[in-house]
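There's a structure below that I have some questions on.
We just call them A, B, C, D and E in the order they show up, numbering each chain from 1.
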Amino acid sequence: MIAPIVTLFLMMMVLCAIAALQVSDLLGAVVIFGAFSFFSAIFFTLLGALDVAFTEAAIGAAITTVFFVSAIYRTHRKVT
Amino acid sequence: MEAETLSVVNYWLAASLFLIGLYGILARPHLVRKLMAMNILQVAVIVFFIILGYKSDATPPIVRQGDETPIARNYINPLPHTLMLTAIVVSVSTTGVALALLIRIHRRFGTLDESELIEKLK
Amino acid sequence: MEHTPILIVLVPLTSALLIPFLAMGGGRFARAGLLFATAGSLLSSILALRASLEGEVLSYHVGGWPPPWGIEIVIDPLSGVMATLVSFLAVLAAFYSGPYLSGWTARRTGTFCSLFALLVTGLQGIVVTGDLFNLYVFLEISSISAYALLSSGGSKSVVAVFRYLLIGTVAASFYLIGVGYLYAMTGTLNMADMAARLPETSDSPVIVVAVSFIVIGLAIKAALFPLHGWLPDTYTYAPGPVIGFVAAVMTKVSAYALYRILFYVFVAGTGPREPLLLLGWASVIAVVAGSLMALAQKDVQRMLAYSSIGQMGYIMLGIAIGTPLALTGALLHVVNHAVMKGCLFMVVNGVQWRLGVFRVRDFAGMGRRLPLTMAAFTVAALSMIGLPPTAGFFSKYYLALAALESGYIPFLAALILSSLLGAVYFFRVLEKVYLSPENVEKTRDTSELPLPMLAPILTLAVLVLLLGVFNQTVVTELIQPGLPS
Amino acid sequence: MQQLLQRIAWLPFVAAAAILFYAARDLPTMADPNAPASTHVSPRYIESALEETGASNMVTAVLADYRAYDTLGETVVILTAGLACLLVLGAFTPARSGPTEKEAMPYEFGSDIVDATSRLLIPFIILFALYVVVHGHTSPGGGFQGGAICAAAIILVRLVRGRAPGLKLLPTYTVAIGSIGVLVYTGTGLVSLFFEKNFLDYSGLPLPFHGGHLREMGSLSVETGVFITVTAVMVLIFDVLTMGSEE
Amino acid sequence: MSGGPLAAVLVSLVAAVAIFVFRNHPNLREAVTLAAAVIKFAIVFSLLPTVLDGGVVESQPLELVPGWALHLRADAFGMVFALLASSLWILTSVYSIGYMRSGGYTHQTGYYASFAICVSSAIGIAFAANLATFFIFYEILTIATYPLVIHRRNEEAIAGGRKYLAYTLIAGQALLVAVVWSASLAPGATFQPGGFLSGSASSGTLQALFVLFIIGIGAKAAIMPLHGWLPAAMVAPTPVSALLHAVAVVKAGVFGCVRIVGFVFGVDLIRELGLANILAFAAGTTILIASIRALGEDHLKRRLAYSTVSQLSYIVLGAALGSLHALVGAIFHIAAHGFMKITLFFCAGSIYTKTHKEYIADLRGLGREMPVTFGAFTLGALGLAGMPLFAGFISKWNLGLGALEADHTIYVGVLVLSGLLNFAYFFPIVYTGFFGKSDAPFRFKEASVLLWLPLAVTAVISILLGIFPDIGLHFYELAWQAAESLVAPAPLMLAGGGE
């Protein structure tokens, strides 16, 4: 029975989401956001969605994070 | 019974993710943060769909070697997975465009804070 | 000829893909590509419409897979009319954008034209599809290309578009969640199949939730008050060549999608229409509030934007009442409003392009400077107010009659009030245009607009009159065959 | 007015929350094999995908064949995003007060070790990407994943070595490559159209295969298109975001 | 011959286009105006024999939306209005040419074109066979009149134009609702003598509907308190005021009122619903209050405007009373008032052109300098006051009889009182004109012939209509014919000389 583990990861995702929105440093938020994507990829794997997990890891975790980072560098990482 | 409770909890958690995203978009002042919230919102939708597709005691939707006549009961529903691949790609595309817009905004107004921006637009 | 349904989408799509290559040869080629894209789409739309009017609904199975397994493209008279409308306005907008683009570099022109063709692709895809998820995909194509196009109007437009992007994405997510709920309950994504399977589960609250989410999502896209927040700024700062098209069809296509889902999936499937009344009251507020806000504007383009919010309320009102008469009115108004709003926005942007002004008071004396343009503006404005024999009158007539017959007197009152407010804010401009002395400095070039801009404007103005006089034909030949039985 | 609206903005939020939590109980129980989603439409994908499309990965079968039109739309979304970024930032010329290119690219490491490592890694990453694309039919993976990985590799090059000088025209070419990707996709569909089958009906392709095998070739072809587009556009967006294209 | 009504409408529309085309050739432009006016009159006149024989001339209905056809039909009642409008258009055109040329006005092309469209829609209203057609022409009339009202383009004109638009557009919307509503109650909503709404809905609904109709029609008919725009619109050039007051706009209002009462509801239904008394009361009040207001006005044209408000309510009163003679009087008064009031406005215009005087006190002694003008004015004024041998008397006499017939003796009193008030406000003008002391040396200086000829003609016609009410255009006969179609003539007690 994997259901409790699934729920656990879902909770981790919720925590990461809250943290990403609350952490004061933008780059830190992006890193947490990457972790969020990573947890969701694991979550998808647990539910048997291997393709989705793969895509989420490659696109969501890697490329989106890179986009965010490069955009933040182009602007500034001011704290809000 | 327990499976049902857990199932509702999972739906609720997905809903919470959705709401966190919505909250971030509405309430967080920094535009990059809003964008992250938008991503969270989209992931929430993806999570929801993936939960829909899941079947207990079934394997991922790849035909096992030697299984000549696959039976629906034994494999997880592949359709939501397909749909969500699209959703992920849409989400990264939207993010890319949004970031480009952000850079333009920052170029012109020197800030990405919503209230400051409204101030400068006046 | 059996492939015309897919060509409606494929022609602009393929052209959009080729335009970057054409642009390497120069901006002119890119513009020609855009014209080809829109004209080709128009041609296939007309062919498909004609075929569907002969009584048979065209169902095209992409990939050869029958629905509900594959994706189905449906051309019934309704989607045929919408596709024709969208591509017709696209052709005009493509012509209209010519003078704007002449100063741009080839590369930028290419990008612009390509995105424009993709916008048309997206809208046409929404119009013709018979699959709920496919609709989402094309919704995103049209949205992303619209974000880019609308943001090319200057730094203020970028801020406005960023907000639009956030809200639009939320809207799309709402829609997608709604589709998710429906999928959970029925296991299918095909509209017709879902309509057939919904009655089994019609008593479930999940369906109600799904409807609410889809309605909210599409209502945001259609800018129904109070979900219209993105529209005024976006439209106000939008660049000239785009806004005439976007304002004319984009919200309309969302309204169409909403209509299609409500009436071809839910009502056909589960029956009750009463919940629609909530939408009706929202529309009543939209109609009145939009007109009131329009009244308060000093900027003509912003005034038109708010007026669009009010007019979308008309359409939603018709959908909410839901009788055949009301739907006729709503769909007729979709067509009429697209034509007249397109005309108005093109005029205002033409004036801006020529003289660089937007405010109501800057329109003083314009009647003498740009007589033809302003004549078109007058015709479209009278139609917006709803005076016979212009097109706007007849859609209002249908809606009023439907509201009366269904006994929704407040709806009727809102329609009337909005007409009056419309009269006030349009006559305010018309008074300036024709009665005030000119106050633009003499050095400016004040001759009529160049032909590529003038021709679409006049075409639309003439169409406003034609749609008015021959609306009987339009209704019986084109709109009523498309109503749900 | 603005403030009022912002205060009202909470209303839809609360409403959405209430609705979402309320409806959860009436949804089919998670993992229930008898839920409508698992009993209608999808069984055919599971039971006949291998036979009909030749792909043992059902997700790929649905993605590249049953619902290939969706995937076409999805690829177009990516291309649209690339073009959109180009239009948004393309007109941008660095303001005099803005950061110089050096400052804009602070992560140009220039370290020998990083350089060497990446040089070693990148061929393998790209190889892996191609593997992912080609094996999408039998294992997780496909055009999107492969494209993303390949793009990641190229972005890695950019990060490590900085953007090569003299690539002013780069975005134009990247867009062209992206368009070619979608053209490959549409082209595959158009070929079957030409052979009097429906758009994207791979059984119309003029290849010496039959049945599921033929369709598999068709999906492979479109996956290649997806791969090209995803790679090109992801790199394009990265370039535009980091540099802006000078114009 | 069935194309007659349509041709009558189209003539001036075509003329409007031609006028626009010849905008740089004033003589040609005005020739077109005159020619169109004559042709139109000829067409309308050619329909007269058929109608007098009790027939109708119908055009092919053109369906715009289901149940909403553009349908023209010339019946006796419509002919009264059509003849009035088309005959007066000729005179007004002549007068306009004189007026505009001597006044040195700009925007003349727009003026003539709008004028042509106005007359076109007036004919359309006259010949409308159903509510839909009526409404469409009614709205076109509203818009086409607007450029005329603001013709001077100054602040005052624009303010007046705004007021005009506010009243008429709001009323137009009310009328739209009413029209749509009745179309949904009785598909087609074709006018028919005796009404078509009877029994189609509850009395509450019908009452509400009637109120909407009266708001819609009442603004143009200037029933108090919806009359506010009319004095404000006096800023327009005088031929326009003449058009507004005598020919097209307000007449369209009262014409519509009679149409609604007689051909949509039917006089019996109105009485059953208890609306007749209310309407009659409103009309009676308007007659008196407007007359009193007229007494207080020093501005010549504005005094005439209030006089119009008052006189129009005669027609409404006749419709409300709903007896045979009252209807005859009302319908005949449409024509009679048209000729008399246009005389007065023409006079005011001539005086203004010649002397630029607008206030009554300034007119001292002018009568001796402009005898034709003031003579005509006197005739028109006497007619409006209801002197025997003038056209106004015939309508008043019939209205009085009608009031007795309907057992509303009080309105006889109202009519008499109003006649006295008419004397009271017209007499000072005539007196000042002829006998007021003037500082200027006496000399004969009538305005140009284009100005005084039309007003002399209309003044003569007002007398002729009083003596031979059927002369030429058969207004009286048409009025009888129309009224008899509305009310069964059987118990003709008074005419029969019986009880």
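Assume a contact is a pair of C-beta atoms (placed from the backbone, for glycine too) under 8 Å apart; a residue touches a chain by one contact, two chains touch by 3 or more.
Everything numeric in this text was worked out from a predicted model, so none of it was measured.
A.B. asks: Could you run down the chains that neighbour chain B and chain E together?
C.D. replies: Touching chain B and chain E alike, sorted by label: C.
A.B. asks: Could you tell me the least number of steps, going only between chains that touch, from chain A to chain B?
C.D. replies: Tracing touching chains, the least step count from chain A to chain B comes to 1.
A.B. asks: Would you mind naming the chains that touch chain A and likewise touch chain D?
C.D. replies: B
A.B. asks: Would you identify the chain whose Cα-based centre sits farthest away from the centre of chain D?
C.D. replies: Taking each chain's C-alpha mean as its centre, the farthest from chain D is E.
A.B. asks: Find the most central chain, measuring centrality by the gap between its CA centroid and the centroid of all protein CA atoms shown.
C.D. replies: Per-chain C-alpha centroids ranked by distance to the global centroid put C first.
A.B. asks: What's the farthest chain from chain A if centres are computed as the mean of the Cα atoms?
C.D. replies: Most remote chain from chain A, centroid-wise, comes out as E.
A.B. asks: Where are there more C-beta contacts: B-C or B-D?
C.D. replies: Result: the pair with more contacts is B-D.
A.B. asks: List the centre-to-centre spacing of chain B and chain D in whole Å, with centres computed as mean CA coordinates.
C.D. replies: Distance between chain centres, rounded to whole Å: 16 Å.
A.B. asks: Would you kindly tell me how far, in whole Å, the mean C-alpha position of chain D lies from that of chain C?
C.D. replies: The separation of the two C-alpha centroids amounts to 29 Å.
A.B. asks: Based only on mean CA positions, could you tell me how far chain A sits from chain C in angstrom?
C.D. replies: Roughly 37 Å separates the two chain centres.
A.B. asks: Taking each chain's centre as its mean C-alpha position, how far apart are chain C and chain E in Å?
C.D. replies: Here the centre of chain E sits 45 Å away from the centre of chain C.
A.B. asks: Residues touching two or more other chains, restricted to chain C: which are they?
C.D. replies: In chain C, residues 133, 137, 140, 144, 147-148, 151, 158, 183-184, 189 touch at least two other chains, as defined above.
A.B. asks: Out of chain B, which residues touch more than one other chain, so two or more?
C.D. replies: 3, 6-7, 10, 18, 21-23, 35, 51-54, 58, 60-62, 79-83, 85-86, 88-90, 92-94, 96-97, 99, 101-104, in rising order.
A.B. asks: In chain A, what residues contact two or more other chains?
C.D. replies: Residues 3, 50-51, 55, 59, 63, 67, 70-71, 74.
A.B. asks: Taking the top-of-page definition of touch, could you list the pairs of chains it picks out?
C.D. replies: A-B, A-D, B-C, B-D, C-D, C-E
A.B. asks: Where on chain B is chain D touching in the complex?
C.D. replies: 3-4, 6-8, 10-12, 15, 18-19, 22-23, 26, 51-58, 60-63, 69-75, 77-83, 85-86, 88-90, 92-94, 96-97, 99-101, 103-104, 107, 118
A.B. asks: For a test of understanding, state which residues of chain C touch chain D in their complex under the given definition.
C.D. replies: That would be residues 3, 6, 10, 13-14, 17-18, 20-21, 24, 60-65, 68-71, 105, 107-108, 111-112, 114-115, 118, 121-122, 125, 131, 133-134, 137-138, 140-141, 144-145, 147-149, 151-152, 158, 174, 181, 183-189, 193, 197, 201, 204-206, 209, 212-213, 216, 226-227, 229 of chain C.
A.B. asks: Can you check the complex and tell me which residues of chain A touch chain D?
C.D. replies: 3, 50-51, 53-55, 58-59, 62-63, 66-67, 70-71, 73-74
A.B. asks: Which residues of chain D touch chain C in their complex?
C.D. replies: My answer: residues 5, 8, 12, 16, 19-20, 22-23, 26-28, 35-42, 44-45, 65-70, 73-74, 76-77, 79-81, 83-88, 90-91, 172, 175-176, 179, 182-183, 186, 189-190, 193, 197-203, 247.
A.B. asks: How about chain E: which of its residues touch chain C in the complex?
C.D. replies: Against chain C, chain E makes touches at 63-66, 68, 135-136, 139-140, 142-143, 150, 153, 158, 161-162, 165, 169-170, 172-174, 176-177, 180-181, 183-184.
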